[in-house]
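These notes open a run of structures that come right after.
In the two complexes below, chain A is the common chain; its partner is chain B in one and chain C in the other.
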Partner chain A sequence: MPEVATDEPGFAKSAGKQLLTFAAIAVLGLGALMFVLDALASLVGSDSGSSSAIEPELNMVTIAFEDEPPQLDSTQRADQISGRVLGHVMEGLLAYDEHSQLIPGVAERWEIDALDATFWLRKDARWSDGEPVTAHDFVFAWRKAADPAEASEYAFMMHYLKNGEAVSNGDMPLDALGVQALDDHTLKVELARPTAFFDKLVAFQTFYPIREDFFRSTNGRYSADAHELLYNGRFKITSWVHGASMMMVKNEHYWNRDAVKLDAIKVGYITQDTHARFNFFKDGKIAYTGLGAEQLSSAMENNFHIRRFQDGSLFYLEFNHQPHRVTRSWHLRRAMQLVTDSGELVNRVIKLPGYLAGKSLFPVYLPGVKETFRREYGEPLQELDRVRALEHLELAKKELGVKEIPTITMLIGDTPISKTQAEYFQAVYKETLGLDVKIDAQIFKQRLEKMTNKDFDIVMAGWGPDYNDPLTFGDLFASWNRNNHGDWKNDEYDALVDIAQNSMDQTERMEAFARMQQILYDEVVLLPHYERGQSYVTHPQLKGLVRRVVGADPDLRYARIEADAS
Partner chain B sequence: MAESYRAEDFEPLHVDQATQTLSRPSLSYWQDAWVRLKANRRALFSLYIVLALLAFTLFGPMLWTVDPASQDLDQVSQPPWADRSATLVAPYEPWQGEPAEPGSGLHAAQTPNTQAVRLVWEPMGNAEGGYRIYRNVFAIGPEKAYGLPLGEQFDAALTYFEDRLDLKSASYYYTVVPLNRYGDELEGAVTREIAVRNAITISHAEKRGLLTEGHTAQVGDSITLAAHPLGTDYLGRDMLARLMYGARVSLFIGIVAPFLYVILGVAWGATAGFLGGRMDGLMMRFADFVVALPFLLFMILFKIMFGIGPGESGIMPMLIAMVILSWPATSRLVRGQILQIREEGYIGASRLLGAKTNYLVLRHMIPNTMGVILVTLTFAVPSAIFTEAFLSFIGMGVAPPTPSWGSMCNEGIKTMLTTPHELIFPAVFISITVLAFNLLGDGLRDALDARMRSRE
Partner chain C sequence: MWRYTAKRLFQGIVTVWFIATATFIAMHLVPGDPLASDKAVSPEIRANLEAKYGLDKSGIEQYFIYLGNLAQGDFGISFVQKNRLVNDIIREHFPVSATLGLLAVVFAGLGGVLWGALTALYRNRLPDVIIMFLVILGISVPSFVVAAISQLGLVNLNTLLGVTLLPVGGWGSVAHMLVPSLVLGLSTMAYLTRLMRSSMLEIVNSDFVRTAKAKGLPPTRIFTKHQLRNAVLPVITVLGPAIAAITTGGFVVELVFAIPGLGRYFVQAVQQLDYTVIMGTTVFYGAFLVFMVIAVDIIYGLVDPRVRLN
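Up next is the complex of A and B:
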């Protein structure tokens, strides 16, 4: 082999030197550029970002929103952000106080009987232009919500009223709806059937008032901008820069204005990025922010006061019970139930404080007769037994007439948590039962569509409450409910839902819920995974921020700024 | 002319060995290239790295026989250097609490371990509405930041709490704060530092193969948890095993896709260059058209077209999309090269001497373009690996539980700040592989350049 002369070492040396020089120049240049840009940004940003989280002189709090409120017409829909803004600037007949107790709102007093309800409105309730709030404003708004021409997503809320369903289907005229103003300050409601929780319902935003003459004067642009909305709540919107900021100031015409402690709430930033909002909080620009899993350790390091809150949603695994699906087999579902450990899921896989292991369709906060439902009636005992699970699996194979259970499709959302969770269960069912599970991750809308089309074997679903009563969860699995995506049908369960809907006797209703809970467990209709929690941090001087399961959340209506203790 | 010829004049001339000696052995094109590649230490080293990676993927799983999908939930997100000693404990039983002895304050009712920390405390006088329990990894300072809110007991009589949330072998500061009847916090919080030790239940130890059948291990015995040389991920899966299996996907795409599309590009470019004229123009305009197609969109379209359902691997559509959309670069290079070679003097000479098309192509064109082809190939490999990593990173690639380096990075980036090893290892593997292939390509380009031949 001949010697090949090469100048490689010398070349490498000079190349190395060059590289080093370039790298040094690049790093220094970038550093200098960052410095200059930062200086420029601070010059430009000095006027827009000047307000800090808490401004005691102005009595103002600055916060950030995840998103622009999509719709501020209270009769139209009820997403979380719109509900949050509406809760601050509007008031219904009844309202919730800072301890989530029902208190009088526009109505001074009320009477609810089996099939009718009467509300006496306070005389001093005013709109933000100084005009009084009358019973006619409620009648107009409720009819608008039921109007088929408006196609409100929450028209079903009016089904509790007499003729509500017929009106919203267009079978009856609008004035047939069971609500009328006896005079300016008396509202008379006729109900379709006895509704024990009607007082809780009228605190919901679909039942807020809208004044007819103002609505007409906006020419179809009602609620599109700050001046195209009329307010009767504790605050009013004075400026609304779409997609950027919003200013809410105290409503000087509100009847109980002395109870309002804050003069202004500034929504200074609108961003979906949790990390950006956390940085705003760290820099003292906003007074409140939610924490993701990534921010928890940083919040601990910075000695922030972390709070937690159960947001009311339950997440669970729902089965498809249709005849051509393998999950119709009770033995298969039972086998899966016997190896599903929601405690391990919450403690070892999700690992976030605030999450509770799911044990029942009815989350822990729902009211019972006197205390919470779960404290009064408990929950089905969760069993974990692999040996028995395998016995049920064998029976399932016989029941289905197959040698091996075919691959099961698990429909999930595309959030990081549900993906992690799906991978965990995929491995659990593979290791313990030898089941093959295929993960079908879809965006939220697509997942809902696939659920509606019943295009799944099992689906990771979630449900948040519309009102504070177990029925908001209980009627999910009634055979007629469109949200019963797995087509499960059980006559006894349907009869129990009927009792819960129509009975005025709370004990009888709660016993029905307890029986429903047991049927769902015995028949393995769903496997509860967890009750979702949220962690958040607040500015130490901001007091009285309320987190709610139902209604405006987070709620600053009762908040105040405390003088700096230090 | 009177000339006299002698008989010797007509003898064959004696061959003089001295004039025609080869000073060095004759080297073929490939031998010559190999010699020059060997002289390039950087390229040679990269070649070794590439070979080592192939061995890591192909033979690694035979040596390290851990299932990449099996979850060791007793060791979630553990870095490689984590403490693996643990104590055997009895299976978990739900706990209904017990009263604290007077004067004992806040303390752990049973030996605290990673299965559960069971706290009890004495009733506090002002706690009308119960207690809130916090846990911190830092000592509590004057800010009174108690850390993570673990939960509440909404009853002043219930003076116990069980913490099972993601317990690690570490020291925790637990704080119990009394609440008024609305759930607002009152003064009088109690804090206690509690050291938590690793523990594993016997049934889990059996399941993970830490105890052999017929063992005599008892509660309280020490045991060493399963080894994970590169740590575990967020579901307690072995990182080393996942990197080995992930390399399969990455290297499969990284080698097969460029190989296929370089062949396609060479065939297309050579034909265009050889035919020349209108056909050449037509074929190259088609190549320009393909360049303009958006890759990501086609990737998604192929996924739908091939009926790749959700939850199935997207590797085949990825391969096909890459082959269909990436060939024009190679074909342009090869066409240019062929056009150039076609006009070279030696081709004309060869043709004049009666060489057929076959001979021209095989003897002259291919060897002269081989360098370009091989260099494109080695540069295409890292870019394909990178594309795969990128697509898996945004969730278009493999379906879980199959790992690939890109999807591992995607999972690791979520916990970048708390457990950086989950991101660093796959990222390092991607970087090393891409760098090695690039340096190797660099070396090959120098070694295969025909014009550098026998320049020494």
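Up next is the complex of A and C:
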């Protein structure tokens, strides 16, 4: 092996110097490159900028989104992020105030009778281009939502209108839909059947207005970009850089503009990474963010203002009742019910603030006659009894004609929390009943496909409300509902859903829901797990942030910046 | 030279066609329904949706329609963002990924060559030991860890200083790019350092270096003209695939630093079974990789006179 050149000190020294020169040139070159990139960046990207979470001079709040809103066409919208944006920039006939009470929106007053409803629109409601919002804009939007060619997921919302179902199935023309403009400011609605909660329905986003001439002018790109959408809400979108940022500023044409306290809401960051959003919050860049289990302790250490709320969705285990499934056996389901302790699940397994143990299909916030439904009617007594569970298990084996219960397939989503939960129940059913449960974890779309194809024994499912009435949960298990994945059928239950849908008498309806709740428990149609909670942190100067179960959430429409106390 | 380029380009197009076909088949074999959603829809609406996306046709028909559109450079409309063209998604988000990737590659390339030369120069001495230890860390620690740690470091640094020295995330100025591109380029830089080091050590002992020394050339000239220039060749070879890998592999970094790049669409599309976006991004990235390798091969011929492009 010859002598290596680098071992000569003289060579190494001068070569080292040379290398240093190169490094210096490289750094200079990099600096120049960055200068060029900086200029280019303003062309290709957005400016997340250096604004703080709260900018009192600009009266602006900066926030982060988990995802890009995929769909800002109100008749097509089906997801939460788009709903959040739409809630800020659009207004329906009715709206929800900061206490989640129904208040007049575009409609000044309204009358709802058994089979028709009339809405009188305020004269000063305007679009962001200054044109008035008219009854025709609602007619156009509602027809569009029902139009089979549009294939909206929420077309079923129009089934409450006369001919709604026939129109959305393509059996009747669009103008047969039971809505018409008597004049520019009077909207007449004919209903398919008496609908006691129609006032709550029209606050839903599918019922927002869309102006026809503007829609046609966008050539199929309606709502694809900020300038391709027209706004009639408290805010309007002035810039939208896909995947990066969105700027919402106060809509100067909004009829109640004096009530809007913020001048601007800036969505400065869009990322699904909860931890990254928490870092933005810690760095003082965003005014609120949700907390996952990992961020909770850090938020407590930092003395952040931690708040919690239930987002309104219920998670539960749904059984498959088809004849070839073991879960068709009532005794088996009853045995599982007698050992399922949702309190233990929430307090010892999930251990996150805000979660409530599930006790009924109807979450706690749903309204009853005067108070909440659950306060007025309570929930079925939850029994836990292992000895009786084992008796039922023996009866189940006889009922099914088997020596041992075959392995039960539990279909779940692939999120960490549903896996933890599934493993917990797997262990519980094995230890207490000796049942073998196989966990079938699937990504979102595959789980949905398997649910639709009824390819499961039990499935971990969830449901969120569309409107603030128990029916939004109650009709899930009607035999005709496509979301009744386990094919459960009960004539009495169907009759009760029918009452809840058609009766105008709230007491009669609530009694129907109470009976439905009891039937679901007695027949063991589902095992409620929890009402999902969320914990989040807010900037101390941000006041009036509203969290809701129905409508835009989180809601900054009523928010304001409070002067720094220090 | 031109013949060679034309031949390679033709091969490239065949490769891209193969990628497109393989992705198409694989995507349709993945279980799951791209049109499924939380709310079950009526059969009529379902049929309309299928017609809109051409899913009502047979697989073979879909394939040929797809190839036809691809030849015209039309990737269709996203399943998730129903009023956005996949072409628009690529056009709006690829420049972001490309800018970030370019900067990362520059970091990786320059850093790799410099550190590699340095370690070779000080072989088995302290700088070599320290740098090679860091190199092993850089290669083995996954980018999501590096990204999260560096972001947390930034937060703490800003808190400590009381001012925002560098933004924690977002996009818009060079300040936003600095840390993410370093993180993105880190593992490539580590890999290139190793490559450069071994290639330098090989060159140092070669005949022509000894000749140069015997001729009495000044050390700086030997180092730059004879050693560095020859040692850097293997680095250039892997740079092409590295550019493509960095530009396409930025998903985690884009997520952590809230950067609106194409990487996130690339990954999310698969999770959401967004057929058109899967096809669009895969074919686009595939073509990008293939043509980047071809470009490097051609450049290689220009740099190294021993390589004849025939």
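Observations
Assume the second predicted complex is superposed on the first by the 517 of 566 C-alpha atoms of A that agree within 3 Å, B and C clash if a C-alpha of one lies under 4 Å from a C-alpha of the other, contacts with A are read in each partner's own complex, and residues count from 1 in each chain.
The definition used in the following text is that a contact is a pair of C-beta atoms (placed from the backbone, for glycine too) under 8 Å apart; a residue touches a chain by one contact, two chains touch by 3 or more.
These numbers were taken from a predicted model, which means no experiment stands behind them.
After overlaying the two complexes on the shared chain, residue contacts for A:N303 are found with chain B alone; chain C is out of touch.
Of the two partner chains placed around the shared chain by superposition, neither chain B nor chain C is touched by A:K403. In the superposition on chain A, contact is made by A:P70 with chain C only, not with chain B.
In the superposition on chain A, contact of A:H324 is made with neither chain B nor chain C. With both complexes superposed, C is the one of chain B and chain C in contact with more chain A residues.
In the superposition on chain A, the residues of chain A contacted by chain B and by chain C overlap at 1-2, 4-6, 12, 442.
Per the touch definition, chain A reaches chain B in the complex via residues 1-2, 4-6, 8, 12, 98-99, 293-294, 296-298, 300-301, 303-308, 343-344, 346-349, 351, 353-354, 409-410, 414, 416, 419-420, 422-424, 426-428, 430-431, 438-442, 535. By the touch criterion given at the top, residues 31-34, 36-42, 44-45, 48-49, 52, 80-84, 89, 92-93, 95-96, 99, 102-103, 106-107, 110, 114, 117-118, 120-123, 148, 151-152, 154-155, 158-159, 164, 167-174, 176-178, 204-205, 209-210, 213, 218-220, 222-224, 227, 255-261, 264-265, 271-273 of chain C touch chain A in their complex. Only residues 1-2, 4-6, 10-12, 14-19, 22-23, 26, 29-30, 33-35, 37-38, 40-42, 44-50, 64, 68, 70-71, 73, 76, 78, 148-156, 168-170, 220-224, 241-245, 268-273, 275-276, 279-280, 282-283, 285, 442-446, 448-449, 452, 482-483 of chain A touch chain C when the two sit together in their complex. Chain contact summary for the complex, chain B toward chain A: residues 24-25, 35-36, 39-42, 69-71, 73, 76, 136-138, 141, 143-151, 164-166, 182, 234-236, 309-312, 395, 399-401, 414-418, 456.
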